[in-house]
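Have a look at these structures, which come just after this line.
Both complexes below contain subunit A, partnered by subunit B and then by subunit C.
Then we have the complex of A and B:
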């Protein structure tokens, strides 16, 4: 068992080493010293302001990865996290701005609205798959286009707050009772003093909680067992009395509910309103993080932080005269390398377990009287 | 080779399907005119009437088969292998196919015609070779044998003697199906007005050549396929239309016919496999949670009582040999204490030792009052275990035979349709 754990850690490490090696080749090709480049990235990332920025980027990415992973666990590809979180964010931002109640309840109400919108929108793809046989890959991609248009239309036509002289398109600001306080004290425990204007978003605890919920749901509940069983073998699950249609709809609803929460950290912790500058692409990057973390709650957390690090530290490369697109290339290579490395490692593991089982079968004496 | 299941692209024309992979070209363009000319010529030559410009999705089954044959001829084949070509045809289309086959052989084409329908073989073949268990049994001429003699060759003349021991049958009617009819996805009748009852403490066997309705029968009982008409009763209760989970909860256990795709989650640990199909009940579940300890304990019980050779309950199922996997499946169903056990090909593809163990388990379960429906293609297994034995042919139960007295010839005749009960 311990060697298996070791091997599963080996896969991402080998992959990252491989990706860095490849990146070094790319950097050398454009006449940059790779050691120096990585050194300055690491130096920059170690600054308190960078730590805050990396974690703030990692929070929504992590939740997005969870949303994707719920689907992956039963071979469903929810490509629609992007659309689900944008739509959820704009509607939750508007609803949250309409009232002000006791702070924890206000925040909770906004989160519930976002989760419900995400679930409902993702549920469309689930129902289409079950009732009409439409591949969820295609329907969620199409629903992304619709969501982007819908979000823009809602924002400009219905939710927009018109202030004379202000040309920004944005929803009204959520009252302070709907804000999530920052978690800078967490950094101070670790002896980091964040600069004045930077705040670690308090939803980092929400993300951690969602990670725990994801783990319990998928690995500890009967629902999670049926989800994984359907993913491993849909036919065996069916024979065992798992109704596949119902499972698909439920999985899409849960995946969508997680997706709805993706935008909540930046919305309630930083922007406090939906604006044109609200972060996009979190849904698509979540797919990569889920792949990188192998759908594992801890693996995806590490993956999300790695993505946050690469995004943040790419900013310093520009200052050093290195094209920062190099980071995008490294990111892609890492994900590809992890997928390949994991495949190779899992084959090695599989061969070892089969050999071990064969040895165990031989070691036992000839069959005794079969007894009930 | 002409496959039993057609390998055609529905949205292409007959011509495009036939030339696929061997397109005549002019530069970089497919020369469809040339292709059509050659196909028409072939079709005329061999009397295979077909419109080369029709879309395949518009064709009847018989016409599609002609396209498959033309596809092979187009590539210059002189030997045709037809695998169960009549299985999908209506009688009139069968006649047309036979006419084409005679035309082809007259023009020097060799045809290998694979079928288990004796009347067809006798009608169309010049020479008949009987295979059994991967060996050639005999080669005969159709004029010199009767359908009955062929049937005996197919089944083997030596039937084992039953060894079930004292009858243990009770008067508890556990499983009953009454006039059940089931339709396939294409609308054809796959199970036709079948009635059957299984009492506690008896093993009822279903013999038949595969593909004659065994799978629809099992799926109908398990709630995996809708019953078009008729009634399914479990322990006296009307269970028609129940979902699979409710049928399992009513006490029906299943040893599925395909171990790797229907019975097991291969990459998952053994204890998760032992849960499968019972995972909503104790000891596998506590409310909405999975009870790992309970599942592992039950798995250890299965491993010990059913002699599953494994390093432990945590290894993935794919690490076990087929025999050990099957013992795990049998053990999981038995320890759930069902009232009815559906055993489909329970010893297929496993070693002799595991086979004997599984047979012992079924006999033991019968003694303790379980109602067993045994579906198998292994006559030794059927005669060795069954109290009563039915033969299924083309979706109907065509005969009930006594496993103690039935002869190979009789059984073979029913199984191949040479004799109707």
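Then we have the complex of A and C:
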């Protein structure tokens, strides 16, 4: 049991090491000292402003990873997180700007709208899969592009706030009751004093709560048990009375609800309105984080922080004349390397299990009846 | 689909288009300019779709087409900048093929999930090409930068002699189809416009791209190699037991897939833009994937889908008002199908199709202009609708996306 834990930790570490090694080779090829590059990245990341930025980047990535992981747990591939969170963010931003009520309720209302939009949009893929047999991979790819079009259309035609002289396309600002206060005090507990203009987004607690909810839902409820059972063997689960169609729709709805919340931390903690500069690609990077963290709530948190670190520290590389896209390359390589590493590790484990079983069988003489 | 049937559908389609043009006064639908632009916009989609076809016929789902196409655009521009446009084509194809090789290595040799590998390749290609741009065009004197290449020489275009007024040994031949188009007679001029668009201003890469459609059909359905490749996509275990080198065939499929996506990227750079820009592909790899599904994993279907989506894109660029007329075309076409369903005694089908026709008709009457975002969405919506409502007619390769390991056959 312990060796299995070790092996499952080994795979992501090997993948990260491989990706960094490859990045080092690439950097050497363009005459950059990789040790120096990593050194300046780490120095830069240790600054308080960077710590805040890394965590702020990790929050939506973590939620995105959870959304993907819910699907993964039953062999569903929700590539549509990207579209789900963008559509949810633009609609929630507009709805949130329409009224102002008691602050906690206002925030909750916006979150609920976002989760509902995400769930509804993802549910389309679930229903198509169950009713019409359409692969959720293909339908969510199509729905991503449709969401991008819808978001652009809603923003420019319906939700746009027209201020004379202002050419930026954006929704009206959400009133202050809909903002999530910062969590800088959390850093101060740890003795870090963030600079004046940097705020740790308060939704970090929301993300942590979502991680706990994800854990309880998947590992501590009957629904989670049926979800995992369907993921391991759909036919066995069906025999045990789990209706696979209903499970697929439910899993997609829950995955989409998580996905809808991905954009909420930057929206309610920083932008307070949906603009053209709203972060994109969080959905795709969430897939990478879920793979790296192997759908585990803690593993994904570590993965999200790692990706936040890579993104943030890439900025210092640019200043030093090193192309910061090396970080995107590292991201892509990690995704590939980690799945290859898991594959290799699981083959090793499988071979060992077979060998152990063979040894056990040799030690015990075969009963006569069994040979007949 | 046999020739008579194709001619019948083509004729009926032309009649509907001409009718709508006369009724709405929009002349853009069949002008040679629109048709030529449709063709230019269709070729990259077609290349990606054919690329997806080779890969999926060999049983490997390829959502990395977009990334491979991005690699194609970058290397095509780089090659053209260094050595001239034809070398650009070669390097673009090789760049895409390199992406395909990576996908093959991950999915076939290392047995990685096809979707995950595709997602990773899309991430890698976008970052990797940006990285290469920063290095290759670091010197501002090149005229390029982090997000674009210098201007590169494009490929020459030709007008076919006699049909579209091209020159033959220095003699300017008459422009037959162009003349017909300029007459302004209904039907005759519409036909002239369409044919002029198909025969004039052709890039050699367009000709090559179109030729790849029958070539793909021949290679996959009329050669032993093609049979083996398809058998690997249908039932790799049976193929293995008959002595087919399954891994090799999958490698062929995926690498050719990348090469074709790269060719599509090269087309974008060397025919459409004469420059490499970041996000130039704009999701065309995914449109290609959609087109391949829409075309039922067949070359002729891919051609049809690519032309349809290219046409919608061309109308958006040339005359947004014409897109509204397109809605009327769709409405009339669907109404005709509904009538046919009634005649065939299928009231349920007639009701569905008739309802759809009514919806398109209503939209046509109620909107002034179709927002460009909706045209952007067209290929994806159409594919989703086809998947949802005509999936009985689609048949993907049986072992498409299955992770296969050698020696599992029982």
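The rule is short, and it goes like this: the second predicted complex is superposed on the first by the 346 of 372 C-alpha atoms of A that agree within 3 Å, B and C clash if a C-alpha of one lies under 4 Å from a C-alpha of the other, contacts with A are read in each partner's own complex, and residues count from 1 in each chain.
Keep in mind that, in the parts below, a contact is a pair of C-beta atoms (placed from the backbone, for glycine too) under 8 Å apart; a residue touches a chain by one contact, two chains touch by 3 or more.
Predicted, not measured: the structure shown is a model, and the values here were computed from it.
Engineer: Which partner chains sit in contact with A:150 here, subunit B, subunit C, both or neither? Use first/second/both/neither.
Structural biologist: A:150 contacts subunit C only, not subunit B.
Engineer: With both complexes superposed on chain A, which partner does A:243 reach: first (subunit B), second (subunit C), both or neither?
Structural biologist: In the superposed model, A:243 contacts subunit B only, not subunit C.
Engineer: For A:189 in the superposed arrangement: first (subunit B), second (subunit C), both or neither?
Structural biologist: In the superposition, A:189 contacts neither subunit B nor subunit C.
Engineer: Examine A:353 and indicate which partner it touches, taking first as subunit B and second as subunit C; both and neither are also allowed.
Structural biologist: A:353 sits against subunit B, while subunit C stays out of touch.
Engineer: Thinking of the overlay built on chain A, is A:325 touched by subunit B (first), by subunit C (second), by both, or by neither?
Structural biologist: second
Engineer: Check whether A:167 is in contact with subunit B, with subunit C, with both or with neither, and answer first, second, both or neither.
Structural biologist: neither
Engineer: Please indicate which partner A:361 is in contact with in the superposed arrangement: first for subunit B, second for subunit C, both, or neither.
Structural biologist: After superposing on A, A:361 lies in contact with subunit B but is clear of subunit C.
Engineer: Give one of first, second, both or neither to describe whether A:233 is in contact with subunit B, with subunit C, with both, or with none.
Structural biologist: first
Engineer: Flag every residue of subunit C that touches subunit A in the complex, lowest number first.
Structural biologist: Checking each residue of subunit C against subunit A gives 61, 63, 106, 110-113, 115-117, 119-128, 130-131, 134-135, 146, 283, 286, 289-290, 293, 371, 373-374, 376-377, 380-381, 383-384, 387-389, 391.
Engineer: Okay, in this complex, where on subunit A does subunit C touch?
Structural biologist: 26, 30, 77, 79, 128, 132-134, 137-139, 141-143, 145-146, 148-150, 152-153, 156-157, 284-285, 287-288, 291, 323, 325-329, 331-333, 335-336, 339-340, 343-344
Engineer: If we count contacts the way the header does, which residues on subunit A are in touch with subunit B in the complex?
Structural biologist: 1, 220-226, 228-229, 232-233, 235-243, 350, 353-354, 356-361, 364, 367-368, 370-372
Engineer: Taking the complex as given, what residues does subunit B use to touch subunit A?
Structural biologist: It comes out as residues 222, 224, 243-245, 247-248, 254, 256, 261-268, 272, 275-277, 279-280, 285, 288-290, 305-307, 309-311, 314-316, 318-321, 324, 334, 353, 357, 360-361, 364, 368.
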